[in-house]
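Structures incoming, each one as structure tokens.
First chain A sits with chain B, and in the next complex the same chain sits with chain C.
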Partner chain A sequence: MDILQIVANGVPAGMMYGLVALGIVLIHNGTNVVHFGYGEQITLSAYIVVVLQVIFHVPFWLACLVSIVLSALFGLAIYLGILGPLRRTPLIVQIIATLAIGLGIREGLRAFMGPDPWPFPAIVANKVYDVHGVFITTANIVVVTVSIAIAALLFLFFRLSRYGHAILAACESPRGASIVGISVKQVSAAIWVLASVLAAVAALLMAPVLTLSPDMGLIAIKGFCAAILGGFVSLPGAIVGGVLLGLIETAAGYYISTATKDMVAYGALIAMVIFMPQGLLGKRQIKKV
Partner chain B sequence: MNLRTFLKTALAGSLALATALPAYADSTGITPTSIKIGFIGSLTGPAAIWGSGNLAGAVLAFEQQNEAGGINGRKFEWVSIDDESSAPKGIAGFNKLVQTEQVFAVIGPSASAVGVPMKSVLASSGVPVIIPSFSSPDMTEPLIKNVFRTGTLNDRMQGRAIADYLVQILKLDRVAIMRQSDQYGATGAGAITDRLKELGKAPVAVETFNASDTDLTSQVLHLRGADPQAIVIYGYPAPSAIATRQIRELGIKSEIIGSSATSNQNYPEMVGKVGIGVKFVAVGDLPESDDKPMADFRAAFQKRYPDLARQGRPATSDVTGYGAAKNVIEALRRAGKDVTRENFMAALETFDGYSSGVTMPTYLSPTRHEGNSQMRIAIITPELTREILPGAIDAK
Partner chain C sequence: MLEVEHLNAGYGLVQVLNDVTLSVPEGAIVTLLGANGAGKTTALNTIAGLMRPWSGQVTFRNRRCDALPAHRIVRQGLSLVAEQRELFLSMTILENLMLGAYTRNDQKEIRESLELVFEIFPRLAERKAQVARTLSGGEQQMLAIGRGLMAKPSLLLLDEPSLGIAPLVVLEIFDQIRKINRLGVSVFVVEQNAKIALEVASYGYVMENGRITVEGAADVLRSNPKIQEAYLGI
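Presenting the complex of A and B:
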């Protein structure tokens, strides 16, 4: 029965990695930026809810909506104020900029909200269901359902909508897209807004489960692993990579040793990079030189 | 004068000079009107959970003392340095306090991961160091002449006391341990295991987790298979909250007791309703207590730091910082007007149950620099508040 419990808990744990990976992949696909501060953006969105509730006594659901809006504006500000102007700089400069954004958010939160963890309300009251000896929580059900829904919506958006096609085109060939009238700047801004909305939604799902603290964003390390496992360019791949990582971790912890579960997970990641660099759902890219 | 006469005269003169001069008295950091105290602690980074509170509490105590006229005619001045939760920066910061700032004594550091690597630097400096909150036994066992600890309880003593509580008071046989993978968790879990063996038992399971872990399913499933009557969680507040939730969510109904790090004021709400009845170690009165000394401290703290009050503080780290500073103040009072580092440390060693009012009584002596020797057990109530259970448990 323990194997079923490993699946029941490993899948939602992995879905959370997948949610983070979705945002990272989205930004990377749309703007070619690898956003190392994305985990902290998620944390910031959760803190916005806490601030609105504790200081301004805003009802929880309204606080969540405001957080989503503010997160979107923050993403736009990052693009317009930092990464937009840096778009022609070397990749390493952009990476350092995203690292600085993340560190700034993390230590800023520590300074202004304190280093202590904060309680964060669950969006649905948490109950535990005993399904023939396998315990399933509503929190985990919500994480899985919402993650799949978001991934599906994003997938359909990029596959079926004209705007989605425009974004993909702008990413694939910015010059070509400009020639046919697509504003690359607008597309990039839209990507940052979309990924930041996603960060806010992830925050609402993750904060009650992970415990909100300034260091909650460190989960992005696992998000990056999930993204790489999934191929780094594929949105469904991000979720699949996350789930795989969650299952590997939980199973390795149970069947091998809890002390080695991270080692096994990262070992699997290295093996993937060496033997299957395109990831699970990515495509092998061939460049003519 | 021949050579023999010269040598005799020189020897006699040297002896006379040596006996006439008093021993070298170090009063660095002391002026006729001021006492300069240094603070080294983690104000940023993951260990800020303790360092920022230690500083806030200590500053409040010194400000209160200055308002009351200072100590022996001198007012407190203080310099604080952030070690950024990093041992190398802690060493650099401590050296700056001692060599550049010329402080009289130092309060800190605030976390084991920073403090333990600083041990030899602290010891060789000879500067009085008062540790408010971190709990590694390495700093007091064996004793270091100039290093003292107040308020908290070291992990060796705490681990043993937890084992005594579970086996001798609750009469439980099957104890499991879930510990953080770092030195903090290893020391505490090792002490519990050792004490259980002395009591003729062994832990039924020992599981480890990283402070950054977000899912502990595999560990909890191992614990479930061991069918424990009690689970001790020895880790920081955030992963301990995840562990507590998952233990209950996976159907384990055994007793849960958290180490002193889980005495965080937000712990009950972080865990939620499944945390009702969970116990944890408290190394003194809870900051929310209505007992007069704590209530007075809380009122003063919240008035001084309205921003921190909004965060639900004071927290335990604020209390232990305040308590450490009160111990410093009392030792300076006992050392008298002509205070030196030597007679200040000698004064500390006279503490035989000195009470800061908010931390456990301090017992220090020339052979003992571990100030506290008791712990209390607190429980999460159905209203998700915290309550200290009657009685204190001696830690040996």
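Presenting the complex of A and C:
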């Protein structure tokens, strides 16, 4: 029974990490940039829901919808206003820019919304089911269902649609993509929008479970771990890495103590980087010198 | 069909192309010869829109296209097969070819082009489900040309199709280029291998240090003593 309970708690936690990792891997594949402000984009989307609902009394579902749309526009704005113009600068400049975006959002939220946590409504009323001694919460069921649905949609989009193929092509060879008629700039913009929509969806799933404060975005560190475990270039790898991380953490919390779960998780990450640097589903990078 | 006039281009502060003027008539195979580093690839990339020229103009079918980005130039009917091939290596042959037709919408016509490509390169048809990364150099070159054809171009720009390929396969590929030309596609081919290029082309240009130094009909170039010495090894 212990094992089943660990799975029941670990998988949903891992799916959330996986969602964060998906956004990070998408942006990295498409633009080579590691987006250190991604967690804060998630936090911002959650705050938008709270602001709309608590201050403007917008119905919850509408607030969620508006938050997703605003997040998409925000992603587009980041690309058009900051990372697009910076695309010919050294990578480190672009990465620092993402860090600045994240810090700006976090401290902005602290200044305007205060450092204290805000209550975030659950998407569904929280209930606990007892399935033969294994406790499953509705929040976790929602997390798993939505994550699987998103992963499936993304998979279908990239595998079957023409535009999905074009994005994969532009990620693999930007020059090759331009000479067959794909606008690489449009693809980059699309990737920023897509990743930002994912950020908003992740926010809706996470904010009820985590604590909504300006520091909620620090969860992205776990997203980075999940991405690295999965190989950092593979979208399915992001999800698999997330679930693995969730399971490791939960198991460590159960068998050792909850205080050690981060330590064990990061230990697993370091072991992975040393012994299997290409990750679970990644490819070994061979650079010709 | 393609007119390049007084083209200057380069990278950063370094000028590579110096007052390049050349043209490709409709239906012809024209070659641009030159040693490594002469600026041939720069010329081709500038025509295809991967680089912006500093000055000068490129006209394709009587329309200026030197200010257009590469992805718009394909839509004008000008398709580049790049020196590095720039294939989508993790995708299959079929997926690469279908992406070649990205600018087109008519599924029936795309099917026809696909059949045509398979007819010209039967080896691609045999392996259409194979991932591009696992192909040999010659097969990758065929795939790159095939992908270029899928855009249904009226002019195909080929950058060193013989590069890094076994001599026998080079002959095969140039045969196929001739076949493509007979189907009504004009060809502008950049080559270091002057011998084979002058066999298939009807007209040639020689580039040295970014300038066109000699031009003429292919048979005239073949018998030019300077070219024999420098490029044909006679």
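Methods note: the second predicted complex is superposed on the first by the 285 of 289 C-alpha atoms of A that agree within 3 Å, B and C clash if a C-alpha of one lies under 4 Å from a C-alpha of the other, contacts with A are read in each partner's own complex, and residues count from 1 in each chain.
Assume a residue touches a chain if its C-beta (ideal position, glycine included) is under 8 Å from a C-beta of that chain, and two chains touch if they have at least 3 such contacts.
Please read all numbers here as calculations on a predicted model, not as lab measurements.
Participant: Fit or clash for chain B plus chain C once both are placed on chain A?
Facilitator: When both complexes are placed onto chain A, chain B and chain C end up side by side without any clash.
Participant: Based on the superposed arrangement, let me know which partner A:95 touches: chain B (first), chain C (second), both, or neither?
Facilitator: neither
Participant: Is A:162 contacted by the first partner chain B, the second partner chain C, both or neither?
Facilitator: A:162 sits against chain C, while chain B stays out of touch.
Participant: In the superposed arrangement, does A:80 touch chain B (first), chain C (second), both or neither?
Facilitator: neither
Participant: Taking the superposition on A as described, I'd like to know which of chain B and chain C A:137 touches: first, second, both or neither.
Facilitator: A:137 contacts chain B only, not chain C.
Participant: Give one of first, second, both or neither to describe whether A:175 is in contact with chain B, with chain C, with both, or with none.
Facilitator: Second partner only, chain C.
Participant: Using the superposition on chain A described above, determine whether A:6 touches chain B (first), chain C (second), both, or neither.
Facilitator: first
Participant: Does chain C touch more residues of chain A than chain B does, or is it the other way round?
Facilitator: Touched residues of chain A are more numerous for B.
Participant: Between chain B (first) and chain C (second), which does A:268 come into contact with in this model arrangement: first, second, both, or neither?
Facilitator: neither
Participant: After lining up the shared chain so the two structures overlap, which partner does A:114 touch, if you call chain B first and chain C second: first, second, both or neither?
Facilitator: So A:114 only meets chain B here.
Participant: Which value, in Å, gives the least CA distance between chain B and chain C in the superposed three-chain arrangement?
Facilitator: 37
Participant: What is the shared patch of chain A, the residues that chain B and chain C both contact?
Facilitator: The answer is that chain A has no such residue.
Participant: Under the definition above, what is the set of chain B residues touching chain A in their complex?
Facilitator: 44-46, 48-49, 52, 181, 207-210, 212, 214-215, 217-219, 221-222, 225, 237-239, 241-242, 246, 248-251, 264-266, 269-270, 272, 307-308, 310-313, 315
Participant: Okay, in this complex, where on chain C does chain A touch?
Facilitator: 48-50, 69-72, 74-75, 79-80, 82, 84-91, 95, 98-100, 102-103, 147-148, 150-151
Participant: In the complex formed with chain B, which residues of chain A make contact?
Facilitator: 2, 5-6, 9-10, 13, 16, 54-55, 107, 110-119, 122, 126, 128, 130, 135, 137, 209-211, 213, 215, 218-219, 222, 246, 249-254, 258-259, 261-262
Participant: Write out the stretch or stretches of chain A touching chain C in their complex.
Facilitator: 162, 165-166, 168-169, 172-173, 175-184
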